[in-house]
Amino acid sequence: MSAVAILRRPGVRLAGRTLLIAPVLLVVTMFAFALSLLVPGDPAHAILGDAATPESVAAVRAELGLNQPVPERYVHWLGDVLSGDLGRSLFGGTPVLDSITARLPVTISLVGAAILLTIVVAVPLGMLAGYKKSRTADRIASLLVSVGQALPPFWVGLVLVAVVALGAGLLPPYGYVPASQGLGPYLQHLVLPALALAIPGTCELFLQTRTAAVEVFSEDYVRTARAAGLSTWSILTKWGAKNAMVPVVTVCGLQLDRLIGVAALVEAVFGMQGIGSLAVTAALNSDIPTIQGVVLVVGGFVLVVNLCVDLSYTYFNPRLRS
Amino acid sequence: MIQVEGLNVSFRTPGRAPLPVLSDVSFTLRPHRITGLVGESGSGKSVTALALMDLLPRNSAEVQIGVLRMGADEIDTATIGGRRGRELSMIFQEPMRSLNPAFTAGEQIVAVARRHLRLDRRAARAKAIEMLKLVGIPDPERNAGAYPHQLSGGMCQRVLIAIALVGRPRVLFADEPTTALDATTQAQVLSVLRELTERLGMTTMIATHDLGVVAELCDDVLVMYGGQIVERASVDELFRAPRHPYTKALLACSSVGQESLRGIPGSVPAPGHWPTGCRFAPRCSLASAGTCDIATVPLIDLPGDRSARCLRLDQTGETR
Amino acid sequence: MTALDARGGTESLLAAAPLVVATGIKKVFRRQGLAAGTFTAVDGVDLRIAPGETLGLVGESGSGKSTVGRMLVGMYRPDAGRVEFAGDDVSTLRGAALRRLHQSAAMVFQDPYSALDPRWSIERIVAEPLAIAGESRSNRRKQAAEALRLVGLDESHLQRRPADFSGGQRQRVAIARALVSRPRLIVCDESVSALDVSTQAQVLGLLKDLQDRLGVAYLFISHDLNAVRRISDRVAVMYLGRLVEEGPTEQVVTAPAHPYAAALVSAMPVPDPLAVRSRTRIVLAGSPPSAADPPSGCSFRTRCPLAMPICAERRPAWTELSGGRRVACHLYDRPDAPRTGQIGELMLAALSVQQPTAVKETR
Amino acid sequence: MTAVAVLPAGRTHNWSRFSGVILLGAIVALLLVAPAFAPYPPNQTALGPSLQGPSWSHLFGIDEVGRDLFSRTLSGVRTSLAAASLAVGVALVIGVPLGVLSGYLRGFADGLITRAVGVLQTMPGLILAMAIVGAMGRSLVNAMIAIGIVFVPRIYRVVRAGAMATSTQTYVEAARSMGSPRWRIMAGHVLPGILPAVLVQASVTMAVAVLSEASLSFVGLGVQPPSASLGTLIAESDDYLGRASHLAILPGVAMVFVVLLFTAFATQLRRLLEGER
Amino acid sequence: ATGSSSVVKIGMTTEAGSNYDPVTNPNAFATGYLSPVFDTLLTRTDAGGFAPDLATSYAVAPSGKSVTLTLRSGVTFQDGAKLDAAAVVANLERARTAKKSVVKLELATVTAVKAVNPTTVEIDLSSGAGALLGSLTGRVGMMGSPAKLNDPSYANKPVGAGPWKVSDESVVGQRMVYTAYDGYWDKSVQKVKRIEISLVTAESMGNALLGGQIDIGSVEGRRDMIPQLEKAGFKEQDFPTIPYQHMLYLRKTGPLADVRVRQAISMAIDRDALNSQVLESACKPQAAVQALPEPQTGAAPKADLTAAKQLLTEAGYGQGIDLKLVVSSAGPGSKILQAMQGQLSKIGVRISINPMARAQLLSTYVGGSVDGYFTVNTGDADPASLVAQLSTTLSPGDFSDPVLNQLAARGANTVDAAARKAAYAEWNQRFTTTAFGIGICNLELPYMVRSGIDGLKVGSPLHIDPRGLQVH
């Protein structure tokens, strides 16, 4: 078997692609580290905050190794990170890794629910709209969709709380209940924030799916399938869908990236203690170690998502296999 | 046999008047024979085939078919959809793009076989390989597992033929099936079409702008210009003695001699810009004001089972 | 009619030295991505074009025709061999001399729709070569107008945009652009392939007419032997980056010497049912091999019904035939070299022996 | 010489095609100058009535510290627009040259730039912006520079794709065959070719930038009080959703309006520019 | 009935991070997270006196320079260790000397801590013991198990002698869970089995209560929700003596070193309007410092713009001055300042507002880049430490007031309660008239308690003391 052929074996390719992440991840760590260099003024002061005294400042500086040159600090910091030590929050001293792992389930639940909602609503509707191409329905849909895309999730969240939760008392206005305390409350608490979070993404994914579907359904091969007498249903769900999925999956991946960012605001509105609200608090407090931790974790997560998206391409588009 | 009478197609764009692209297209195709539909770009060849396959976009194309007969049965145009692949099939111009890039050649044939022949997975697979063999694809077992991008253009076109024919249709429309192919590959594909038409007793129509292909392959010819059929004849008669001035000019253009470099003055008028009367009149050396530009010219029957749409047939002579 | 005509007149086709001489030119492309590697698009091509003559270049898609054309006008630098334009080695030209080459060698491309920048006026498009050469604005305008007249359009079109023109007209504009710097060679890369039969004939007629009046030479690249036949004085046949046969057009078309040329000629659709019926057709099996991984020796041997063991070992050298023709095939090294016109029969015979299942003409 | 067919009728300029773009552009211009004509200074607090609903003298009502919400919203819209323009400007200044270079020249530089931009794109924009603002200190300018950097991939991708598409056009090949230097091709063919797409993308990005500014300001990382922006207006009033809902609803509606304005502008622009071909 | 399995969930607006060590956590608000775990040596009575807790009695030497504590016997820490004199000495020594101790200042006058016998501890001081007793009711008095004190895990999972211990279910920095300690000495206050304290923003507290996330929380940010909450079965409980006062601290530099300028500012502030407009009339306008043993309930001065303008002109700043103020970006401070901005601008005092994270506020203010710091003053275990800070750390600049310092020292050293009260009253008088810091108003936090729960107690510095909480 030739070298090229070995490179093309799925397992090897998976490993190869995974390895390709490493340099990107390295750049992400550099970026995260560089954040600490952006801080104006003395980080020791920032760490000590109200309790700063000259001797404690000096002590902290020595402890942080702020007197060492930057590359050395980076290597040292990277070593810590690789051994799982993301440092401690400047604000309260929680190990960053602990606060992130504690909050991870919240954000994963929220973002997961939102993306699920997005996909379940947007993809079938988008495929259908792309196939039907009815002019009036299109106009209405595109109007709704542009408004939907313009709605800021945090504001929608506020309004949902005021109207649905406080006004009508239908759903809890606040908080997150782990699934371990009952699936019912868990889901109930997720509905409103996930809805607020999902609206713009659903609109965008709907549009993209429709565009992709329109494109695919105007492709010559769909005409071939129709000429050969294949049913509309199988074209919609199989022959066309597989091709349309490449852009759709791309957009899903992008949405997932974006949702994590927007989740920060929605978490703040709904008082959910997730990664996003951690990022907000950390940014407000200039809590650099926590910010760095969030950047690393989110960056790593997004890389993995992108990897999955990339790998899915080769399923949907066999041309990429060679 | 398939008989079409009074096929009219126009396209609607919002805010504009409907744009007629086919007017009163009528013809008969016979089994075991290949009919060539020739004409320049935009003359309406593809639209003719697509209209008969009911593959034009529903919301913009307005299709009227006076009579459509297959064999002895008159066919309701609303039922065409259900006949695709089983009675009528079609192959297209760009073989690479007409195959689904996400599925293997085999999978695509299997899907059609299972739908029309109600076969199980294994039988359908065997059928697919049989079809690949039929269209002359070497090593069918292996090539069945190939994705379109792994096949050459000629192979793709043969796979398309296999897909079109697996449901055993009686009628096959081929829309410029070899335009995108190299000369040597074109020869291969044309041979396959010729052979299968005869062997399977199909009624085949091939749209092309290449008179060479017509001469090579066809038994009968329909010449199209500006959405109309302007001349109909058997291939020998047409080449021997074209009667319509357009056919004449077209033949002159494609010949080898120096006269071929003159071309036809002007260009094919776009739909909506057709002159009244004879649509070729503005480019025709025989056209005379007051005769050719008055009213729609009918298709005039001529001796020898042929016809032409021209008012100056007296001038166009019997022989070339 | 004009100064352009005058120059065409001074250089007689017979008297002058060749305008372009390419010797053993080779082009290697690098491919990126998973299938990384190099592959040879053009592999040792020799060509010469006399002033005012038309050389046709035919071959399958991907055989390297365009690449040869580009090397002639200096767009690509050959990786081996040399291109001489009017006696100068093209690859050594720099600065003003290179600019002069660009002035005297122009190209016309296939797709008339994308060949003109839709945002530019016709004047700006036609005058682009002059602008590159730094001509003054008034000069540009004058010459653009003149070039437009030459191709049968007129000054009133100068301010229009490409969108206002039909395909045939656009191709005329493209030709005007090629003509505006008064070149001595125009490489027409599939220049008529995208046009309708009637328009194609118009444009071919125009090219011929211009040649007669201006004495410009053409390298006429096409995969359509019919078109080549109508305009070329000589024709060269390419297969997988190599020339396999070259000679006066009518001779090559009526009696090809190389098996591939024979197949190509035989596959050429002839718009004459009687002629079709009177001839036998060679239908090659298989499809062209990938240029990234060409066969050893003679690149045609994998599809050649007459292939011999030697074909896999050595690359055939040129054999000069009578009538200014040459062919690159091992058959002609042998004592029993085929006679002119005999090759087709030999191939058909071989085909029926080797491949009894091969589809044969049934009519 | 053979005759030439009648040319199709010259293009008629259809003003209705421009009207959308002009109208929307005018609205944007109006929003930029509107604060000068606002009925009250936006930050003028007043003792007395507070948390009042809309009335003739106070179209949007009065907030808890007695400021006129309409004036404040006008000022907030302008602040948001200015901030978003800054972000889009930063993205354009970085993204366009990079995109042209890498899309037209291809090769090694392209690989490098694309990869770098890819890394940038790896991070969710808001998190990235929060991180940068958190590190550099809270200010609107910092926030918008951060957002601008985050937007570079959006511009870069469009420009690169456009430059790549243009560079495969035959007219670019023709220019090369004439020996046209690279800068000439980039300036004459490539840049004008991508300009429409860049304009459209910039307009879409403006909409996203307005949302991003509002998001950052909402959590207190952008505009600092008492200055108003769409985000701070909502943040200031979210406690009053129950009692004085208009305080949160009206700025929110204003924000949706501004965002829609830019998406509509982009749509109109796209239609106009695509109609041209 | 008192369910032994009962749970009470409390909402807090302050994050304590993971540091639950009373000695090293600099955040006074964190006391709420510590109080379930730790008993203090003494406690305060409602009347302001001292009551026994871990110490059954205390005695101050006549010189005032030594305090003797008698310890309760039979008390064990949550890890089973015995509470004895040695343990108390270890705790106090650590608080006095540990590098990271934040309560060092409160013990600055302590010269020695000695175990006289297993149940008696003697604390020697360099000056009067007035402030020490108060401190012993706060973080200084919180006793941790001596074996764990220097354990790295102590900050995350403290071990005290209090009624509830930290459970492993806790998610540090987010939700602390406490379970009843079986060996606790005073079963009468340990009426709930489990306490959960979650971090909730002020704005969301009402939502969290309605949503069932918490049972007790203060809805200061959403008073409008009180009726809705009451309808949902919550009852409101207020603690008027617990200080929660909006105050403006001023640097004593530039114009602000001039007493007239400060007085002019104080005079120009319309506290009534602020109260009615921004604070929903829930605040009691008051210029004096609230967090002292005897609350200053005197009416706030009315705003007098002409007098203020005149004072400013006399001081030579008729053309006005510019002040840069910092304020926490969370909570209502920024809004109050924005309203004050309008009032002050009328006498030419132009203020710019810089909201920032809580962690940076003090260092920015003390660091000298701004002129003032607007915040909430919540008092401390003993007035002495607040008073000391108010006239020194919180009033940095070129100028300090010797009279204030002298009065502060008197209050800290005097043991006699009445005398201390008098000293602080005088101090407060001086502090207010010189406008050293400017009090705005004193807020009562509306605690909302789910029906069926009673026994809510709130202590100073502001925290919920779960002792005695009961679920029916």
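In order of appearance the chains are A, B, C, D and E, and numbering begins at 1 in each one.
Just so we're on the same page, contacts are C-beta pairs under 8 Å (C-beta built on N, C-alpha and C of every residue); 3 or more make two chains touch, one makes a residue touch a chain.
Which protein is which chain? UniProt says A, D = Peptide/nickel transport system permease protein; B = Peptide/nickel transport system ATP-binding protein.
Only a predicted model underlies this, so the values are computations on that prediction, with no experimental measurement involved.
The set of chains in contact with chain A as well as chain C comprises B, D. Number of steps on the shortest path from chain A to chain B, with steps defined by chain touch: 1.
Measuring from the averaged C-alpha position of chain C to that of chain D gives a distance of 50 Å. Look at where the CA atoms of chain C average out and do the same for chain E: the two points lie 92 Å apart.
Per-chain CA centroids place chain D at a distance of 47 Å from chain E. Chain A and chain D have CA centres that are 23 Å apart. Multi-chain contact residues of chain E (touching two or more other chains) are listed as 225, 228, 329-330.
For chain D, residues touching at least two other chains, in rising order: 2-3, 5, 138, 220, 238, 242. Listed for chain A are residues 161, 166, 268, 284-287, 322, each touching two or more other chains.
Note for the complex: chain A touches chain E at residues 45-46, 48-52, 56, 59, 89-95, 98-99, 102-103, 161, 165-166, 172-175, 189, 268, 271, 273, 281, 284-287. In the complex of the two chains, the chain C residues touching chain B come out as 60-61, 166-168, 196-205, 208, 223-226, 229-231, 263-264, 266-276, 281, 283-288, 359, 361-363. Considering their complex, residues 203, 221-222, 224-225, 228, 270, 273, 277-278, 329-330, 334-335, 338-339, 341-343, 353-356 of chain E touch chain D.
For chain E in complex with chain A, the touching residues are 15-19, 25-27, 99-100, 102, 155, 171-175, 199-201, 204, 207-208, 210-213, 225, 228, 329-330, 357-363, 366-367.
Across the complex, chain B meets chain A through its residues 14, 53, 55, 59, 82-86, 89-92, 94, 97-104, 108, 111-112, 115-116, 147, 149-150, 160, 163-164, 166-167.
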